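Just dropping this structure here.
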């Protein structure tokens, strides 16, 4: 039951130590800065200090109640993250795999379009552009 | 692109080292021996040597083609696994989260009812009973 | 009332600063936007496309037409792109 | 033809051994089952409930009514419970 916002990288294995003890199923999702065309140097992520962690925690609790999660964890970074670097992770633990999968999926759909983060792409030539919200992410959220 | 069957425990963090480089989304699922009523001491898992790894590999390749996975990994243990011990894991990497989630979900549904493993529950008093297949697992597979 | 107004992402860039204190009697976030948009060309540019403006009142996501109440802090920002 | 027959899980326990070599001209796995079930009480018990018998022919999951061909190895087992 952890929600954390941080500038530093995180380590999936360290995050998973002691996670979900007693559960039968553990799912993790990790988002990584992907270089699509070879032009991207980094992402720069802005967030809303004060609101962010509370919003992550609220949503983790909502997911836990809805999907019967025995444990959950959300870690999201802000600041500059180079290509290949980890952006965020969620982990869910439950008795059965369906709950763990659905809980993680739900948390991700919510994070994509309701958590107060904004991404900017920094190209290798130094130019920057804000990432536009994807209609597909909004659609994904409407499934739940 | 790894399929492995082994008696020894595995370490999720070791398995994820170098996994899915270049991907934007990585999903892992870990199955753990859950103690429901306090009577269970361990699971004992039998498999079909010769067939198992080939079947896992075939299915990993099928999932990779179907969901556009850039990397995948399946590790499944056999032999005696105490309560709390890891039974198996799958990991999937893809450009986008939907592919990674669906790929892992698909692999799990297949593993539950098509991979040649059989589980036996060993109670604390030493008695043993084979785990019956669940109709829900068969139903889950029909989704794909 | 006195309200602390925050801006994020490209709305912050267009306004030119991340926060400011304003006096307002706006009844809804949308009415507050109308007042803010009149402050400068930068503000006007930030709010030019009303369809993309998102809002949090005292750090809770809020509809632009919901009653504003007596908030301490109101934030405006474009659609979120986390995860 | 000569076929190596393998058993797993509780079917192995009921038969009493994990593998055996049989001579058969069975055209399908189901026909082979009929021959095997006649070998002993243990075999009969293993195959008593046909609905739960699964089969792999040369390590490929195969329907009980598919042509058997000339396999090297045929395995019988209850529904799998991996994952």
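Note that the chains take the letters A, B, C and D in the order they are written out, and that residue 1 is the start of every chain.
Methods note: a residue touches a chain if its C-beta (ideal position, glycine included) is under 8 Å from a C-beta of that chain, and two chains touch if they have at least 3 such contacts.
The chain lineup, named per UniProt: A, B = Molybdopterin synthase catalytic subunit; C, D = Molybdopterin synthase sulfur carrier subunit.
Everything quoted here is computed from the prediction, not taken from an experiment.
Chemist: Please state, in steps, how far subunit D lies from subunit A along the shortest route of touching chains.
Modeler: The fewest touching-chain steps linking subunit A to subunit D number 2.
Chemist: Centroid from C-alpha atoms only, then distance subunit A to subunit B, rounded to Å. What do you get?
Modeler: 24
Chemist: Determine the centre-to-centre distance between subunit C and subunit D, using the mean Cα coordinates as centres, and give it in whole Å.
Modeler: 71
Chemist: Go ahead and note the Å separation of the Cα centroids belonging to subunit B and subunit C.
Modeler: Those two chain centres are 48 Å apart.
Chemist: Could you list which residues of subunit B touch at least two other chains?
Modeler: Within subunit B, the residues that touch at least two other chains are 31, 97, 108.
Chemist: Quick check on subunit D: which residues sit in contact with 2+ other chains?
Modeler: In subunit D, residues 83 touch at least two other chains, as defined above.
Chemist: Check the chains against each other and report every pair that touches.
Modeler: Pairwise, the chains that meet the contact rule are A-B, A-C, B-D.
Chemist: Which residues of subunit B touch subunit A in their complex?
Modeler: Listed in rising order, the residues of subunit B that touch subunit A are 11-13, 16, 20-35, 84, 95, 97-98, 100-101, 104-105, 108, 140.
Chemist: Going by the contact rule at the top, pick out the subunit D residues touching subunit B in the complex.
Modeler: Where subunit D meets subunit B, its residues are 6, 8-10, 12, 56, 59, 61, 75, 77-83.
Chemist: Of all residues in subunit A, which touch subunit C in the complex?
Modeler: Checking each residue of subunit A against subunit C gives 31, 45-48, 50-51, 54-55, 76, 87-88, 108, 111-120, 130-133, 137.
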